[in-house]
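The chains carry the letters A, B and C, assigned in the order they are written, with residues numbered from 1 in each.
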Amino acid sequence: MLEISNLTHTYGSGPGAHHALGGIDLKVAEGELVCIVGPSGCGKSTLLRSIAGLLRPTGGKVVLGGTAVDRTPDDLAVVFQDYSRSLFPWMSVADNVSLPLRRKDMDKKQRRSAAMEALEQVGLEGAAAKYPWQLSGGMQQRVSIARALAYRPSLLLMDEPFGSVDAQTREDLEDLTLRVRSHHNMTILLITHDIDESVYVGDRVVVLSKAPARIVGDLRVDLPAPRDQITTREHPDFVHLRAEVGRLVRGMRSQSAPAS
Amino acid sequence: MTGRSLLDNRPLCGAVGVAGLFCLVELAGRTGFIDPIVFPLASTIAGRAAALAADGDFLADVVSTLGAWAAGLLLTVLVAVPAGFALGTMPRVESALRPVLEFLRPIPSVALIPLALLLFSDRFDMKIAVIVYAASWPVLINTMYGLKDVDPLAKETLRSFGFGPLAVLWRVSLPSTAPFIATGVRLAASIALILAISAELLAGGASGIGTFIIEAGSSPDALEFIVAATIWAGVIGIVSNTLFTLVERRLFRWHLARTEGAR
Amino acid sequence: MRVLRGLGRLWLVPVVLVAWEAATRAAEDNFFPPPTAIAVRMHEMWLSGPPERLWLTDAAVENIPTSVGRLFAGWLLAGVIGIALGLMLGRSPVLSRFLDPIIEFGRAIPPPALLPFFLALFAAGAQMQIATIVFGIIWPILLNAGDGARHVDRQHLETSRVFGFSRSQRLLRVILPSAMPKIFAGLRLSLSLALILMVISELVGSTNGIGFQLLDAQRSFDLPGVWGTIVVLGVLGYVLNSAFLAAERRLLSWHRAAKQTI
């Protein structure tokens, strides 16, 4: 469903140029949850912004659902890290969630009920009339997720979605992501710098190198479902995979061949 | 020159914009879209404005306005800065006076001109009085605001070295308030010009740009003179604003660096 | 309790009034009438009408709404034009590059200098007054709207791109609200400028309005009348400013709250 071939991007030109992406090839199948990890500043966000059509890469191609991405695709949603700057503070929570739906063929009532349904899924049905700044950080990020869910995208991009919340909230949001994902059977690409998180949430973990970013590892995660914050994390496979990903992120040689 | 580098050249773009407006007005007049009798051609106005620059009477009027403006501004600083310091360092006095000030401030300053005309027999004094009244507000408020912004640590540091309150005022409070005062003075400068011209428009008789414009109103080519003189008034405004901004930037580079860094 | 403390802070006001009364009575200067004489004259000028009209006199009914009407007409017109132009310039760096010097120049012209120009163009009357107000006060609105529109959070714009907002949605639901705090700052400055220009335009070219009443009192050496009119204008300025601040607090509550949580 998503095919990225030889994607490169360079910021600026001449001696001051910064090569962010050094040729990325990646295929994501329908319904997969792929986590992309890499050291900070490695170009993860550049990759995500190229897929979202927010940035025109200097080379290579992104094909989503059979069509090349040259502007923001219609059925794609993004959950940004910085919820306080991504939600609109002048709109109520319900408006934040339902405004993007105007693009879909829905009347006001349908938009409203779709928004309420999405808010219910993230456990915020009571906060519809509130404003984002009246909610805690974790709740605001739930609103962002609800906005993306209501939009029913075929591909959901999440850019360090749990990077700005505390540890407890982070675990709750990870489980929420797994739950809604199994409910909607959505394809998700989640970018993170947290190795544990990538293994815990993902079906596949793709490891990027330092900039210019290349794929240095692509591991399949076969942990028993449903995943659980305690038991999954003590599962021997989890421990093994975490070590594996950690080595790759730190630029050490992998001890087993990457999954196909 | 390529299109890209043309767009990167800000002054050139601005010049193109001004030239464009000029041509538009000229064309509107020439094609009869705007009757040149109703509104003069751009070229006529430009010619008139150029002629005014060499016109002794007009220059005398400009000097007169600028004289009142400068004198008023100087007096404003002399009155408002000490007043701001007094109020800023004595919070009890400030809170007692606040309601009185809050009532005086919203009075539209030009409304005082008719009263000032009755109170002052001399036109120049009248102009100065209304200028000082109106222009004092931004200086006063900025001075008080700046004093609140003084770093208490800097004051305590000096005090701990045994300096007296006057030395603290002179070495810490005044320098760190200065950028705020400068902003206040820049605002006051444009208000002073507004009041000077308003007073001239209403008082007539004496000399000044406002008087020139009012008197030009009775000539057959009234609009031509009025627009040309108004353009010069705008030039004076822009020059004064630019100068004040430049001086402010030069003198208070440290302040800019600090506030930008804090953001 | 808060009201009492608020009143407590006003203690100087009666003291000033009494001192003023005593000083002016002692000085017996015609130019400085005592506050009581001003109050009596104000009552005569505006509040000695028939009770069924809330005691408002003909002069009050004729002049005050006329003046306030012109002020609001000019302010609203300048607001609509200024916001529209400002948003356009703020979102188009190329356009603003070409037009910046013209705008800087327009802003630098002392607004009262435009009065004779509009007087020659439109002759005395409401049209000329509103034109003067609009031209004189549009700059702070325009510049602030431009500044606000220029500095919309990048993430807000990207969010609207990702979710495919239409152009009008982006403008009305994202850019305009982001620029609102700045626009309000401009509108507030313009409101006080509008009052000044309303007064001076009525002093120069009008046959009614509060400014004309002021001129009338001045011409007939009615000093209590001059002082009284100034007081009325001060009250008007105070009321306008307070009403604006109250409206701003209501409409921009999201802005204050959102800023506090960051």
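Points to keep in mind about this one:
Methods note: a residue touches a chain if its C-beta (ideal position, glycine included) is under 8 Å from a C-beta of that chain, and two chains touch if they have at least 3 such contacts.
Worth saying up front: this structure is predicted, and the values here are computed from it rather than measured.
Taking the mean of each chain's C-alpha atoms, the chain whose centre lies closest to the overall C-alpha mean is C.
Among the remaining chains, B is positioned farthest from chain A, on the basis of C-alpha centroids.
Each chain gets one centre point, the mean of its Cα atoms, and the points for chain A and chain B are 54 Å apart.
Work out the mean CA point of chain A and of chain C, and you get 50 Å between them.
Distance between chain B and chain C, defined via averaged C-alpha coordinates, is recorded as 19 Å. Chain B makes touch with chain C in their complex at residues 7, 10, 13-18, 20-21, 38-39, 95-100, 102-115, 117-119, 190, 193-194, 197-198, 201-202, 209-210, 213-214, 216-217, 222-223, 226-227, 229-231, 233-235, 237-238, 241.
By the touch criterion given at the top, residues 153, 155-156, 158-159, 161-166, 169, 173-174, 177-178, 180, 254-255, 257-258, 261-262 of chain C touch chain A in their complex.
Here chain A touches chain C in the complex through residues 52-54, 72, 74, 76-78, 80, 82, 84-86, 88-91, 99-100, 102-103, 131-134, 147, 151, going by the rule given at the top.
The touching residues of chain C, counted against chain B in their complex, run 9-13, 16, 31, 94, 97-102, 104-117, 119-121, 192, 195-196, 198-200, 203-204, 211, 214-215, 217-218, 221, 223, 226-227, 229-230, 233-234, 236-238, 240-241.
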